[in-house]
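Several structures are given next for inspection.
Same chain, two partners: chain A is paired with chain B first, then with chain C.
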Partner chain A sequence: MNLREWKNRFFRWLDGDYDVMANIMEGSLEPDESHEKVKNDRKAAHKELTSSGFSQAVIDAERKGFYRIYIGVAIVSCIVLIGVLLYTVSLLPKYGQENPRAVEVSDRYIERGLEETGAVNVVAGMILDYRAFDTLGESHVLFAALLCVMILLKKDKKNMDSRFDDYYQIERDAYFDVSKDSVMRKVGMLIVPCILVFGIYILLNGQNGPGGGFSGGAVMGAGLIIFESAFGFELVDSFFTAKVSMLISFISLTFYCFAKGYVFFMGANHLHNHIPKGIPGAILSGGLILPLNIAVGLVVACTMFGFYSLFKRGSIGGV
Partner chain B sequence: MDIIRNFPLMTIILSLFSGSLCFVLKGKTARFYTIFFEIFLLTACGVILWYTVTTGASVTYPMGEFPAPWGNEIRAGILEALLATLFMIIMIVSVLAGYRFIDMDLDESKVNLYYAILNLMTASLMAILWTNDLFSGYVFLEILTLTSCGSLIVREIGRTTLAAVRYMILNLLGSGLFLLGVVLLYDLTGHLLMVPMQETIAGMAQDPRLFMVLTLSTGVLTVGLAIKSGLFPFHFWMPDSYGWSTPTSASILSSLVSKAYILLLIKVIYRAIGLEVFERMPIRNLFLVLGIMGMVIGSIQAMHADNINRMVAFSSAAQVGYIFMGMGLGGSAGYTAAIFHIMAHAVTKSMLFLTTPRLAEVSEDSLLFRKLQASALRNKDAGIFFLIGSMSMIGIPLFAGFSSKLQFALAGVESHSDIKLIAVILALAASSLLNAIYFIRTLIRIYSDPHGNMRKVRVRSPHRLGYIFPMAILAAMNLFLGLFSWVSIDLIVRGLEMFG
Partner chain C sequence: MIFEWIRFALCAVCLITAMICFTAAVLGANRFGFIMNRVHAGGVGDTLGLFLVALSIILGDGFHMGELKLCFIIIFMWFTSPVSSHVLIQVEYFTNPHLYEHVRREDREALTEEDQ
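Presenting the complex of A and B:
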């Protein structure tokens, strides 16, 4: 295989037309006449996509010449950026050497973290107590991402009958749908409870050891996804509908906002806040860290499953 | 009146809450809620402004019980409160004048998501204005990036999707570089809070080797924010993003979001690096050169546009050039001019972006110049407001654009450098001339009716009052900034004094 062919394949792969795993993975569909039809449909759709409200002449002018310079400049600027960053890092004071860096912040986190936050896990104490404002923002970053994906993928009147929903795709989905597969179901029955319990453990143990809301929520979300792929949406919808998912996210985020707002308010006005720190090492310790971890974990789990569900069927849950 | 000290915290927390509330509300309820909530926020910001002006000191507010170098902190001074008030006014006006288009462009089931995104955007704008901490700045910058992508893709026509992808890639590159800069600065100083960081940096800047590292890290951070705000070589995402999105998004993105990044940069320069240390770095001259190039090239590209929204968007690139030129001139005068221009441009550009769809509406829904012939005669209200906006952009006296150009010239005089003064005056003259050429061309196009038969297809635009009222607010603010520029300049100067 010569270089040109590789390059051609590479760019086709970048465009998404070429599947590297085609004919390798078990169960892939052989390209048939429906594939050709889909390709033509895609081409037509792409043409419409790029030309709506914009003249083809301008696009062509943008493409010619511009692309060559563009690739050249991109490579050069990447190399320059890498060089500059490496040079900067090489100039930084070396670890252990005498340097003018202030250590008062990290020292206090390590030395007095347990006493001041009540959490054995200093990292949890840092992100949910000392610097809780950042984490408040961080949990809303996830929420903002969910909103964007919903705007893009949620099925509605506008994209319901779009040509991307071609029958080939549906056929392919049905072919790969393993929810009727008995091996998948048996294995699912075995591992899903373990994964969910493990997720809850990580979530509840965030103040005492490695873990916390983000990681626990991600594990729980993954458990839900495996549950869905083993048993299908019908079973998930019996307890986890779109409404439930939205309500969980809403209640968790609201709780997070107001609980933290209360702590900020009390702290800034030098008032005593009524949240007990608990005994370090116990489950109920670390003040607000445990409830906040639960809130974050629920949001993360809902968001992860929401993404999966949006990509698979265009809604965050059943009606 | 100590309760007012809590208002900055309240604006952030309540906007975040509104974001998740709109997520569960129905579309129409979400819109009403958002409008009322924003009016409430405007009042709160106004009260903070009044409080800081009367007490003459900024409000430092620890987030939680831990004091400055250990816990987060927010701080509200005159400058932040002034800009927050202006931002809220523009936010309200954009929603009021654009919600009809939101209802048209979006599916009914997604309208509440749009308002949720707007509320999160408000929260991050507020947090970026108030924050005193580099990493909080980064977190809320991330929310701003995501929500602005979301506000672009809501209009599901092909071109917006492409524009949003391009916007997202460039913005993520910018965020990444900003984060790298923050990490390097943290590694150097051991602080994320801006004020303690500045103290450490002041000591470091004496050592030439450390000064070099400081310059490079600040440079990485600056390039990140420059990409996000659309400084000259990085402005190519602008025309598509602003040109095809729903009017409310275009107005908010061009006048608030890209300005918020610049304000964060100014905050980093003033509060984290220290103005004196920054002025020793060569980055400042780069601002001047790129700013001037952006002013000229953005205007030239605007002349080539065949579509009115793309023209206005390219002119935004030129205006970002003005702001960076002011920062390049440096000194208190340069930054005053830059911030005044942020205000003047926000008021003007939101007016233009909210007006062009009204012109297109009476011209077969097309933004192309050839279809827009005599459109101002068909929709007279939109014509008048486009005229006001154009005159401000060109820099005709009485309007905000003139005052800000005057400020740039004065900052050039105060820079005590002949080359800089000549460059600034020439750039201002060239850019104003080019602005005049393409805006007057547009005005002639939309007001002339060569065959005398175009005005007959008069379409009476629905919700006329819902358009005139918010636009009248913007026009009044424009005139206020133009005629009584000394009021806001006085506030900016006082704000900058307590900003560092």
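Presenting the complex of A and C:
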């Protein structure tokens, strides 16, 4: 097999005409018959778009002006980024060399963490007290990711293509629906409450042991997903709609912002904040760590179930 | 003394059997061609292999709080792993139009037209 054949095959693979695994994997998909048609349609649309002189002129002008600036800005920003990163690397301590500043910070966390944050779990004290803004950013990233997925996958009449008519058919017939399966239902009935209680336990125990908002929220989201796959979307829709999901996320993130903003503001001005630390080891201890864990956990659970719901049927809680 | 040795032997036998189970599961899940065979092989590792590992730990260490948690894990896995296999197979059964090509020939002849 010569080089040209390999190249030909590679480009066919890029176009989706050729399946590398066709003879290896069993049950691989048949080549898509409508692929050629879609390609022709796209070509025709492109031709129609470029055939009129005015639109061609607009496209040319855009290409001339915009793409030059675009390429220039891209090159400059890449070079600047590379320079900044290389400069930062040159300031890092050498491999194996002790970094006095980092040791100072971690020693402080380990030695005075319990006293200053009131949390037995040093990691919880670190991520939700000393570095709470970092965790706030992470929660916001999750929320933003949910919004992005919603923009991309939310299914309504405006963005539905005629090609997806079959999809509606499948959805109506509950073709892939296993929720009527009695085995899944019985086991779901037993398992789901245990998983949710376990998730809440991890959430509330974050300041005393391993656990916290992210892991507890992930377990709760997984419990919701299992609940959905056992009982179907109808039951979930009765209590978890898009509005409820957004409300929970919004209230959690706003509470996080204001609570932690208050603490940081008071701390920065050397004032006493009025949040009791409690007895270390009790459930109600660690000052703000417990409520912040709950806020983060709720956001994570909403995000996980939102992803699942959007990927499975294109909406959260009914169309 | 002799009791300790018996306990150690039982523990070792359990662990080795579990290793065999997991080896079968890994090999089967990677080497079998058809999904039902793969799911079957994986299910062996998830249920019997895990149970034998836990049993050998309980035999070797005695029954404490940690082993109680291990028992809960076993119960959980025995509930969930067969159900996940069941659901996977169900999807395969409902969506694969060439399913009957994987049935043995003499079994296929025994099936009626309506079944196919």
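Rule of thumb we're sticking to: the second predicted complex is superposed on the first by the 202 of 319 C-alpha atoms of A that agree within 3 Å, B and C clash if a C-alpha of one lies under 4 Å from a C-alpha of the other, contacts with A are read in each partner's own complex, and residues count from 1 in each chain.
Assume contacts are C-beta pairs under 8 Å (C-beta built on N, C-alpha and C of every residue); 3 or more make two chains touch, one makes a residue touch a chain.
Note that the structure is a prediction, hence the values are computed from the model and not measured.
Q: Of the two partner chains, chain B (first) and chain C (second), which one does A:Phe265 touch, if any: first, second, both, or neither?
A: The answer is first: A:Phe265 touches chain B but not chain C.
Q: When the two structures are laid over each other on chain A, which of chain B and chain C touches more residues of chain A?
A: It is B that touches the greater number of chain A residues.
Q: Just to be sure I read the superposition right, which of the two partners does A:Leu253 touch: chain B = first, chain C = second, or both, or neither?
A: first
Q: Tell me which partner A:Ile69 touches in the superposition: chain B (first), chain C (second), both or neither.
A: In the superposition, A:Ile69 contacts neither chain B nor chain C.
Q: In the superposed view, which residues of chain A touch chain B and also chain C?
A: none
Q: Which residues, counting only chain A, touch chain C once they are in their complex?
A: It is residues 26-27, 175-176, 178, 181, 183-184, 187, 190-191, 194, 229 of chain A that touch chain C.
Q: Which bits of chain A are touching chain B when the two form their complex?
A: Residues in contact with chain B: 48-55, 84-85, 87-89, 91-93, 100-106, 108-109, 116, 129-134, 136-138, 140-141, 143-145, 147-148, 150-152, 154, 156-159, 246-247, 249-250, 253-254, 257-258, 260-261, 263-269, 273.
Q: For the complex, give me every residue of chain C touching chain A.
A: 33-35, 76, 79-80, 83, 86-87, 90-91, 94-96, 98
Q: Which of the residues in chain B end up touching chain A in this complex?
A: 5-6, 9-10, 13, 16-17, 19-21, 23-24, 61-66, 69-72, 74, 107-110, 113-114, 116-117, 120, 123-124, 127, 133, 135-136, 139-140, 142-143, 146-147, 149-150, 153-154, 156-159, 161-162, 180, 184, 187-192, 196, 200, 203-204, 207, 209-210, 212-213, 216-217, 219-220, 244, 306, 367
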